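Labels run A, B and C following the written order; every chain starts at residue 1.
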Amino acid sequence: MLSIALIIALTLVCAAMLLSLWRLLVGPDHPDRILALDTLYVNTIALLVLVGIWLGSGLYFEAALLIAMMGFVGTAALCKYLLRGDIIE
Amino acid sequence: MQEIAISVLIVIGAAFTFIGSLGLARLGDFYSRLHGPTKATTLGVGALLTASVIHFSMEGEGISLHELLVTVFLFITAPVSAHLLAKTALHLRVRSIAPPPRVASSSRTGNERSA
Amino acid sequence: MLGRLLPHPLLTLALALVWLLLVNSFTSGQALLGLCLGWAIPLFTRRFWPDRVRIARPWWLVFFLVKVLWDILVANLTVALLILGGRRFARPAFVPVQLELRTELALSILANTVSLTPGTVSAWLSPDRRTLLVHGLRVTDPDALAREIKTRYERPLKDIFEPDIVEPDIFKPDTFEPPC
């Protein structure tokens, strides 16, 4: 039961990552690409959590937490750069 | 019993994650695309993390709540990123289906009141 | 005296809780270590925390959080249906909302709540902090949307965080209803 659910979920999340990747490549504007990158981060967190459940290992949680933090900082920095032309004021 | 609960949560979470990205790929303009990832994806990942909490609390020794940390973090940061992105898009005058507001003049409305 | 030694009691508790969740073991030793960290970190980062957070009605905050969580669930189903329905149903619009909130914390919570709930994203806050520009995915009546945001989210937040800042307003003070 759980393994079937995991396979379905992994397929859905991988499809989601492909869709985000498509938006990242197509654009058309900079904010679109940043949004696609942000979505990719969150999708990666989902993927890591699923892999963690599959392998029964709690280690992947640390990676998920780090990606959540770095993803947010990256998005904020990119937005700040586009808004002000500078990151640290 | 809990296996069914975990499986249902996992599938629902993954479905929401997928719908969020589908919105990102499918909708018409940037501001509409913003809605999918901020709401659906955040809730989807939240459901996945809840499933992970239940799973590891049942499997391992003792309860395991540290996935909640990622959930709370995502729920706090997702709207902040969305707000920053929307602000950037308004600043860059990204194409919009809805008539874009006059950003410079929309602050005039609240000024009658004393500060 | 107490204010100097323990400038932000709520932050201390929150940091201790985060520490416990990070190490993922709920023993008294870790709780003590977490409290020590929660005491030291606000002292060393004092400059970043100009005002002390004041919650006038903590229980209302709990009600508010439950209500918002429920709204997030409903909003997600709505947005999911809109996305699956495609462009035919989407009717995006920008809606300005006049704000009465003044404290920064209440404003940021309102903006975050708006972003997480029914088909709306907060897009822009005017420099004088009196207008929040909201983008809605499916807006049939902009005035109704602005009114709903004001009564459903802003009113309770004002009661919770700044009940004593009196501003002329048109809403009755007892419009907050606990979730049923």
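Note that in this section a contact is a pair of C-beta atoms (placed from the backbone, for glycine too) under 8 Å apart; a residue touches a chain by one contact, two chains touch by 3 or more.
What you see is a predicted model; the values in this text were computed from it and never measured.
Chains that touch both chain A and chain C: B.
Chain B has its Cα centroid nearest to the centroid of all protein Cα atoms in the structure.
Chain centres here are means of the Cα atoms, and by that rule the chain farthest away from chain C is A. Note: centroid distance chain A to chain C, computed from Cα atoms, is 24 Å. One finds 15 Å separating the Cα centroids of chain B and chain C.
Rounded to whole angstrom, the centroid-to-centroid distance between chain A and chain B, based on C-alpha atoms, equals 12 Å. Of all residues in chain C, those touching 2 or more other chains are 24, listed in ascending order. Multi-chain contact residues of chain A, defined as those touching 2 or more other chains: 58. Shared interface positions of chain B, i.e. residues touching 2 or more other chains, are given as 20, 22, 34, 42, 64, 66, 69, 78, 80, 87, 89. Listed in rising order, the residues of chain C touching chain B in the complex are 18, 21-22, 24-26, 72-73, 75-76, 79-80, 82-84, 86-87, 90, 92-94, 96, 98-99, 111-116, 119, 121-124, 126-128, 130-131, 133, 135, 137, 167-168.
Residue ranges of chain B in contact with chain C, taken from their complex: 16, 19-20, 22-23, 26-29, 31-32, 34-36, 38-40, 42-43, 62, 64-66, 68-69, 75-76, 78-80, 82-83, 86-87, 89-90, 96-101, 103, 106-107, 109-111, 113, 115.
Of all residues in chain A, only 1-2, 4-6, 8-10, 12-13, 15-17, 19-20, 22-23, 29-32, 34-36, 38-39, 42-43, 45-46, 49-50, 52-53, 56, 58, 61, 64-65, 68-69, 72, 75-76, 79-80, 82-83 touch chain B in the complex they form. Touching chain A in their complex are the following residues of chain B: 3-4, 6-8, 10-11, 13-15, 17-18, 20-22, 24-25, 30, 33-34, 37, 41-42, 44-45, 48-49, 51-52, 55-56, 59-60, 64, 66-67, 69-70, 73-74, 77-78, 80-81, 84-85, 87-89, 91-92, 94-95.
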